[in-house]
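The following block contains the structure, expressed as structure tokens.
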Amino acid sequence: MDYPLNCVPDHPKESTKHVCIFGTGDFGRSLGYKLLQCGYTVIFGSRDPNSSNLIPKGAEVLKHEEAAKKSTIIVIAIHREHYDFLTGFADILEGKVLVDVSNNLKINQYPESNAEHLASLLPGAKVVKAFNTVSAWALQSGTLDASKQVFICGDDAKAKEAVAEVARSLGLTPLDQGSLLAANEIENYPLQLFPMWRLPFYICAGFTILIFLYCLVIEVFYPCATNKEDTSYLIAISIPNRVFPIVSLILLALVYLPGIIAAIIQLYRGTKYSRFPDWLDKWMLCRKQLGLVALAYAFLHAIYTLVMPIRYYVRWWADKYLMNQIKGNTTYPFQNHYAWMSDSYVALGILGFFFYMLLGITSLPSVSNAVNWREFRFVQSKLGYLTLVLSTAHTLVYGGDRFIFGPFYRWYLPPAFVVSLIIPCAVLVMKFILVIPCLDQRLTKIRQGWERGAKC
Amino acid sequence: MDYPLNCVPDHPKESTKHVCIFGTGDFGRSLGYKLLQCGYTVIFGSRDPNSSNLIPKGAEVLKHEEAAKKSTIIVIAIHREHYDFLTGFADILEGKVLVDVSNNLKINQYPESNAEHLASLLPGAKVVKAFNTVSAWALQSGTLDASKQVFICGDDAKAKEAVAEVARSLGLTPLDQGSLLAANEIENYPLQLFPMWRLPFYICAGFTILIFLYCLVIEVFYPCATNKEDTSYLIAISIPNRVFPIVSLILLALVYLPGIIAAIIQLYRGTKYSRFPDWLDKWMLCRKQLGLVALAYAFLHAIYTLVMPIRYYVRWWADKYLMNQIKGNTTYPFQNHYAWMSDSYVALGILGFFFYMLLGITSLPSVSNAVNWREFRFVQSKLGYLTLVLSTAHTLVYGGDRFIFGPFYRWYLPPAFVVSLIIPCAVLVMKFILVIPCLDQRLTKIRQGWERGAKC
Amino acid sequence: MDYPLNCVPDHPKESTKHVCIFGTGDFGRSLGYKLLQCGYTVIFGSRDPNSSNLIPKGAEVLKHEEAAKKSTIIVIAIHREHYDFLTGFADILEGKVLVDVSNNLKINQYPESNAEHLASLLPGAKVVKAFNTVSAWALQSGTLDASKQVFICGDDAKAKEAVAEVARSLGLTPLDQGSLLAANEIENYPLQLFPMWRLPFYICAGFTILIFLYCLVIEVFYPCATNKEDTSYLIAISIPNRVFPIVSLILLALVYLPGIIAAIIQLYRGTKYSRFPDWLDKWMLCRKQLGLVALAYAFLHAIYTLVMPIRYYVRWWADKYLMNQIKGNTTYPFQNHYAWMSDSYVALGILGFFFYMLLGITSLPSVSNAVNWREFRFVQSKLGYLTLVLSTAHTLVYGGDRFIFGPFYRWYLPPAFVVSLIIPCAVLVMKFILVIPCLDQRLTKIRQGWERGAKC
């Protein structure tokens, strides 16, 4: 549910609910402010209640011990380094629900999570980890456009439920993550910045720069060096429109290559019960990301191609081509052969892009959650290879006669699209070999747990 | 899971499960029908059991008191105004699970939610709010393409779980919303019709109409008034294709303007602990919607532009342009300058649109739930400003030389795209000022809870 | 949360958690391997502990009875046919949590689910159904890109929570599906391969082939038979670009036709309390799928149309058209009428496609879960009919003058687009009749539970 105010409107009854907050730092104050807005009675616990002048209006400030007595839920909004002082009044905290909202500065900063540390200091209290993934600023300003999920974990089910109830009444969605062992994960979570995207990003950036330079040499430097021709205007669209499809095709092939390498390793070793090399594991784990970048590049390629007839450069050459016919008083005759080539190359590209899009849509979390494993495999494997076959065929037909004009190669460099075909063709050939019944049956047996000893 | 029949197939065992329904109105009958289909034994409670002739086949109809005795779960499918009569046999309802399925006709119709009202009338019963968000028609026809979520709330955990179990066996997804205090929200929920979209809709409609009229004056009325030229055919595509990009750019700028105003207010006040003016709060809460409309308009602009070469009007003028060259026996030479301008303007537009799409995809609920706050901020803020910069640059390069031809202005009105640049440029300039280290540091400090007293 | 390793990092503490696995088949070993990775102590139960040599390193292998004593959670990874032997040591399994992970080979293979069968054999044990939807291969290789949902059901809440905790610590998302009655569903789930898509697929394939052959006759066979002209190159793009929009429009109309038929049946019968014929029920349940295929075809139509100016065939004819003007020394004058027709036909198509896309986006699970029933109805019904009206108008304006040139029909066959208009126009006319106040009010009354007896 989406509510503009992100909290249940004030109820007179609710004001009987109390929450105590230890710590008057920014997060504590923001949470207190929000709790007050949603009808809670908020008591701050502070070392020096009189000097705390930034407290939100309507909240009470008391000494820690007194504040703790007023509520069964106590939010510990202080730094981990200061947890020790809580042991001083462990008897008052006995049986209370302590909500650890702390975050660290680095992933895995301490050997043990803050919440587990707190629980070990105060074995009599019920420690619950929660709210650390929520931004103080977002809480206060009410602009929670981002995830409203509050990950909660703890060893006491009732304590967790009480905290979940508080989260719900602030308009947030509590998500039970299990026992306090999950606290480590939950504390690392807000520190991540797309960790799964780092490796794919470097791979993509590397290929993009390489292919861009390759095209630059062939299409801008070569004409400049040999004919003093200025073709720098190709940099804006024409060259990107070579780089995008080429890198897209290579990345798509790289999505399916590790699966083939894994199959070869398993066939060679004759077992699935031994770990793959580390680089292969890492590669397999970033296939989804590689595929999504490949899709993004294919999308850009599609639009860059569709704008062709609008571009001044393209229109000028089309006009010139026509005027040459008129001046020469000739009409180039219609050639069925060309019509077939041109149309089938375009059609293959469109169909490839279409299945690419389908793959992308099924990788949306809400869609992939709605399909079972068999269906997911069907889409990702069958449709994925179909896409790879269509895209490779698109490039091959595009190439057409151009492959053989070797002497036409500038500085003996083959056109960039020829380079792009190496990996996809290799992947398709290897896949084709692997689906030969003899090998396929053996691989299936290995993946069902069989180990070497019988022969194919 | 998605099942065609939306309920667990009949089990002989299940028929031992009983549900009693008070009220033989439409919703009660539909729910009873569905429960019977899913293997439940259904007993209706009615004032006059003999006159109830629309009861689904297989259900029993008894007097309220007798019906209530047969089941621990009693669905109260009667109007709030008639709740009073239930107090007549409060002793029988003692300890029973009462499911309040009622809806109101208006948002916040009563000071207290129906479910809370019921609970106050029958303090001995366990009241659970549920099923009110499900349509009777959808329940019965089995065409639950819409949300299968059943929001459940109540003060008794076991009672909630029992109701959740019933929901699950009807093929629905129960969602625990906490204590009975949430009933108010749950009762308001089905009455809403895109409440968050109202303000953005008016803003967008206003700008769209204004810009449309502006373009109409310049491109249709002016030629008609001065040259008696009929250019009304521009209304179908050419003018919309000015309106869409202009409004899209303005709306995108309006998404980022309130954040800048908020920053200025905070810098001026020297604190974050005071509320923003009401209009700013409302504006900030509809940024997502404004952004989505801007994306939709950008999408329309993209397609309207891509169809250009197919349009008769465009082809006719292109042909005429070419024939003029041929008749004059001249060839306009190729100009690197034009090629650069044309291509870079198009490329900026495509890249802007691409990042726009990325922003749109990350605002899908299932995607934004999968990223943490830091990642969400990164995408929405960094990518958002990148999109704004690219879109503004796209418009500026499009303008090119056209800005300065003041005398060329029709009726002294500047071309519409010039008007569209005012807000985006203002936003970018202000943002540029705010990232100056001196101001940026101060703002960061304020947002971390610091208040005035020190100087920058 | 998305973690690269799909499991909580090793904790020294966790190694005190024990899980026992009965059965050393592939799934048992894979699960054991994964549990070991995540810090569990794993004990396998086997008939002949010494001969089990494929056991993952670090796991212990004991006789079933001894293994069972070491853990409260016992995963039953053996075939249903062998469940009987467990009764031999029912006393040891008394009070233990038995996790049934089995799958069948066919949907509804047995009258009673495996888990219920297990529970009936061992009434003293707490049977929980879980993990059967997870792939062994995915578990072991860590490549869980697919759904991480683990459906759990069982009659004992604490047993379920214990199993959910194990699932969470493997990086999976447990989903409570209720009591053991849900086991049947959960066991059928992984065997499905898009069951909801079968009927829509056949419908779409049928229409696609039919229209394709129809177009083939008119556009390839006819010129070949009458003029010996070879137009086979039209097969790659031109003919598909007729088939896609035609089938798309028909399918979109088929989405709204069953609703109209249902309304007519209800009006005729004067009640909503009688089942629709079976074919209508089936039809209504595949409307979403029909709509999505229609959207996919509309998308393909859009791209196939946008590439027109790039195609050799189209460019050649455009050039020829221009050269004819030049040779004849004539200029076809600009015709406002044509400009209007061409532009409005294109604009209607674009707007129709735009609303089509909106419909598609709102049918994404995460989006449709975020709207209530009223909003969903608004989008799917109002926007859906708007799309149908726009698409039909698009086709009608495209037809333009072409309808009346009967003698121009090849072999007396009307152009394909005329055929495509029959169903949409029929649907729109019937809808128009149904919204006449007199009929509409009556229908509304019937849908609110009213039955015949009064007159309109």
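A, B and C label the chains in the order they appear, each numbered from 1.
Basically, a contact is a pair of C-beta atoms (placed from the backbone, for glycine too) under 8 Å apart; a residue touches a chain by one contact, two chains touch by 3 or more.
If you're wondering where the values come from, they're calculated on a predicted model, not measured in any experiment.
Peer 1: In degrees and to the nearest 5, what turn takes the CA positions of chain A onto those of chain C?
Peer 2: Answer in degrees: 120, to the nearest 5.
Peer 1: For copies chain B and chain C, work out whether under half or over half of the interface numbers are shared, and give different or same accordingly.
Peer 2: Different: fewer than half of the residue numbers at the chain B-chain C interface appear in both copies.
Peer 1: Between chain B and chain C, tell me the centre distance in angstrom, where each centre is the average of that chain's C-alpha atoms.
Peer 2: From the centre of chain B to the centre of chain C is 23 Å.
Peer 1: Where in chain A do residues touch two or more other chains at once?
Peer 2: In chain A, the residues touching two or more other chains are 2, 189, 306, 309, 322, 326, 364-367, 369-370.
Peer 1: With touch defined as at the start, can you tell me which chain A residues reach chain C in the complex?
Peer 2: 2, 151, 157, 177-179, 181-182, 184-185, 189, 195-196, 262, 272-273, 276, 281, 284-285, 287-288, 302, 305-306, 308-309, 318, 322, 325-326, 331-332, 334, 336, 338-344, 346-347, 350, 353-354, 357-358, 363-378, 380, 447-449, 451
Peer 1: In their shared complex, at which residues does chain B touch chain C?
Peer 2: Residue positions touching the partner: 1-4, 8-9, 11, 13-14, 25-26, 29, 33, 54, 56, 133-135, 137-138, 140-143, 145-147, 149, 161, 164-165, 168-169, 189-194, 230, 232-233, 236-238, 240, 296, 299-300, 303-304, 306-307, 309-313, 315-316, 319-320, 322-323, 326, 364-367, 369-370.
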